[in-house]
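One structure, as structure tokens, below. Some questions next.
Naming follows writing order (A, B and C), and every chain is counted from residue 1.
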Amino acid sequence: MSDMLLEVDDLRVTFPTRTGLVQAVRGVSFSLGRERLGIVGESGSGKSQTGRAIMGLTPPQAEVSAKKLAFDGIDLLSVSPRQRRSLRGNRIAMILQDPKYSLDPVMTIGRQIVETLRTHEKVSKAEARERALAMLQAVQIRDPARVFDLYPHEVSGGMGQRAMIAMMLVTGPELMIADEPTSALDVTVQLDVLKILDKLVAERGMGLIFISHDLRLVSSFCDRVVVMYAGKVVEQIKASELRDAQHPYTRGLLNCMPRIGFERHPLPVLDRKPEWAA
Amino acid sequence: MSVADNQPATAGRGSDRAVAFASSIGRFLVIAVTTYLGLLAVTFFIGRVIPIDPVLAVLGDRAPTAVVERTRREMGLDLPWIEQFYIYVKSALRGDFGTSVLTTNPVMSDIRRVFPATIELATLGTLIGAIIGVPLGVLAAVKRGSLIDQIARIVGLIGYSVPIFWLGLLGLVLFYAKLQWIAFPARLDVVYEYTFTPITGFYLLDSAIQGQWDVFHDAWRHIVLPAALLGYLSLAYISRMTRSFMLNELAQEYIVAARAKGLSETRIIWGHALRNAAVPMVTVIALSYANLLEGSVLTETVFSWPGIGLYITNSLQNADMNAVLGGTIAIGSVFIAINLLSDLLYRLLDPRTKAG
Amino acid sequence: MSAETIQSRRAWLLSDRPASRLQARLGRAYVSWRRFSANRLALVGMLIIIALVVVAAFADVLAPYSATVGDLKNARLLAPSAEHWFGTDDLGRDIYSRIVYGARWTLYVVILVAIIAAPIGLLVGTVAGYAGGWTDTILMRITDIFLAFPKLVLALAFVAALGPGIENAVLAIAITSWPPYARIARAETLTVRNSDYIKAVQLMGASPFRIVLRHIMPLCISSLIIRVTLDMAGIILTAAGLGFLGLGAQPPLPEWGAMIASGRRFILDQWWVAAAPGAAILIVSLGFNLLGDGLRDALDPRSGDQ
């Protein structure tokens, strides 16, 4: 029990819309230890909403229910909003997709990192600054003191995302949810950022939920993969056994990946069958 | 790791920045100069081109012929228009708008005398509008669709729709005649008019500096209703714009990130969303201030407030064109200046535009 | 009409594959109408404006008394009563009747200003946007200069030079209110100027004049209508302000702003003389504001919550 960091059982997220209720997440279950779990799916599969529901960041009009949603034995659905907030950014953190939009444009990078720290820990300004600089160093920014005083628009996308990682890791969380952390980045820096993230997660023994549409990336990065389709989990599988995936949807996703030296005609198209969503 | 990626994007671009800064200053000056020339061209057009005989427009039709002829030469009306305009601009830049028929003073000295009253009124009005309007707009955006949002919306809509001079008259009936909470329409009671010596021309400030609290109290009783009315107009505008900016900011990804950091809603709203919204808000508050200078024309008439607005309307009623146009240029200049300054301020406040 | 035919008509209107241009147009109009009519405040605004038009059209029927000739001997400054709903003014005229006739002058002002200012703005904006280059720079500089002026004060100065009167007030307001329309028209023009269908028309040898007139201007109309509707309240308030200062409509015209001015002398004792016309101005401006907001939300979903 104690080594289970996160337990999710029958998680549902429902949005009221003009035409009735829409379930974005429809009974998702999985559990997570101090390991790296990938959640893969197309856009609209509910993977991002799953991540946000764990964080407690679903929009106010949405309704979240689950048989069990527990972090380190704490029932997330019954704790007070205050307690929930004290977990966020402290023990559970999240990295968003695009640093261009997810960093506050009118606050320097340093202040944003210090802000996370001082929200959760009583530390002096000087100490907070020291730790923020150390964190910037840890995400392999060479001139932390300079970057500390820069505004988000003054750095590149790759550096912005490293600043974002620093901002979220500075409190030493146990669980990290990374929602498409490299999709908005230039291909050449994607791998750098991923390596940094991977290294930090491994060093600190954190749990990681890596949300992506990119099955190849996820399979090379994670220990386990959850494949989602239309708000449901269609398959859970070890990354190493992905080649033997049973579900036709997973196989479809795999087949979409280009391989060198193979004739690709006709181009494979993803099969989508309504009964998988049923 | 690629080296390029590890360099801050703006490194080694100092000279580019200087060039961009210089060019934006240059652009700014071009805009300032052309706008001001435009204002003078329009008032020139109004004063010299539209009237059949500008001399009569200035002097009235009862002036003796000799005076009319002399004035005609003085005004340079025998010269070609372009030359007239050149002379007009030159004298306007020197602050020479001619003499007021009504007060027999140079228009410029009249304007200097009455302008502080208007500034005092408009400043107080904008303060009221911003102090109430910004929090109201923020609350309306945060609690979108709630009762407070509805109230803010209705308060705003009425503010956009009400004739201010009418509201002022009704206010006088209620607060002056019926409740006697405020003083009669003027700037000070007659008793103080002669005993009080202004320093800056802002009576609230002057009386406070000199410790004359009875004067301060009297000045307050005179200014409170007109200022509250102008404040209401400004509140309607400011709260509506604040709401719209805040809704825009609250939908941004950095708000999600701030929540993910575990910040409190208070901190997210006032520390992040409003800080971002503050950048365009500065423009809005400045524009609202400029609008109040203009709105003062009607308000001052209702409250017999001896500012530039009352000066213009009194001159209008007496066909004193020099004074009317001088007053128009004065308000127009301040209006343009505020517009331009708010633009500059916007650039200074937003780190993203610092590079030009 | 049975529920079924209503259902099928709705389906026809909302069809994804309209069979004719008419069906597509009606369908779009229907969707806009549904969005508009879901907004109750906008409907209230529309009702107010319809009421204004009806009152103006049937003023002769609706007004029990003359708007200009009063009963000086017996009916001076009477308080509101069953006989004179809003009381009478200092010349013994029935205020209710004057307000009813005043609706005509309010409509007169807003319609004339719209007819003068909107086409000027449309022309300046589309020409600037389509021509580009120096034409654009110069036209837009002029527009910005006008935008930077205080409108009411400038209108005041214009009327002072032209002489008081409702026509001159209209002219002065129109001269100061076209610049925002030019801005909007230019922005719309820029978004379509480089589109493929404009290129196609160019290739077919259409003259720039024809392109601007037939292909660009129609596209600017809807955003222009929204903006003009939103400006109506401001126009009414400016016109009333000019009337209040004695620069707009001249006595004995029953213009609402001028009526407030004449009621000002009796405000402390006979407050109703000024109260009623002011309330009329407030209601009509509110109507235009509500309608304008509703139109913007329905026709221009992008700016939904501004």
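Here, contacts are C-beta pairs under 8 Å (C-beta built on N, C-alpha and C of every residue); 3 or more make two chains touch, one makes a residue touch a chain.
These numbers come from a predicted model, not from an experiment.
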item: Minimal step count in the chain contact network, chain A to chain C; value: 2
item: Relative to chain C, chain with the most remote C-alpha centre; value: A
item: Between B-C and A-B, the pair joined by more C-beta contacts; value: B-C
item: Inter-chain centre distance, chain A versus chain C - centres from mean C-alpha coordinates, in Å; value: 52
item: Inter-chain centre distance, chain A versus chain B - centres from mean C-alpha coordinates, in Å; value: 50
item: Separation of chain B from chain C, taking each centre as the mean of its C-alpha atoms, in whole Å; value: 25
item: Footprint of chain B on chain C - complex, ascending; value: 141-142, 144-146, 148-154, 156-158, 160-162, 233, 237, 240-241, 244-247, 257, 260, 263-264, 267-268, 271, 274-275, 277-278, 281-282, 285-286, 288-290, 305-306
item: Of all residues in chain A, those that touch chain B in their complex; value: 55, 57, 85-90, 93-94, 96-98, 101-107, 115-116, 119-120, 140-143, 146-147, 150-151, 153-156, 158-159, 164, 167-168, 186, 188-189, 192
item: Contacting residues of chain B [partner chain C, same complex]; value: 31, 34-35, 38-39, 42-43, 46-47, 50-51, 57, 157-158, 160-163, 165-167, 169-170, 172-173, 177, 244, 247, 290-291, 293-295, 297-298, 301-302, 312-313, 316-317, 319, 321, 324-325, 327-328, 331-332, 335-336, 339
item: Touching residues on chain B, where the partner in the complex is chain A; value: 1-2, 4-10, 252-254, 256-264, 267, 272, 275-276, 279, 350-352
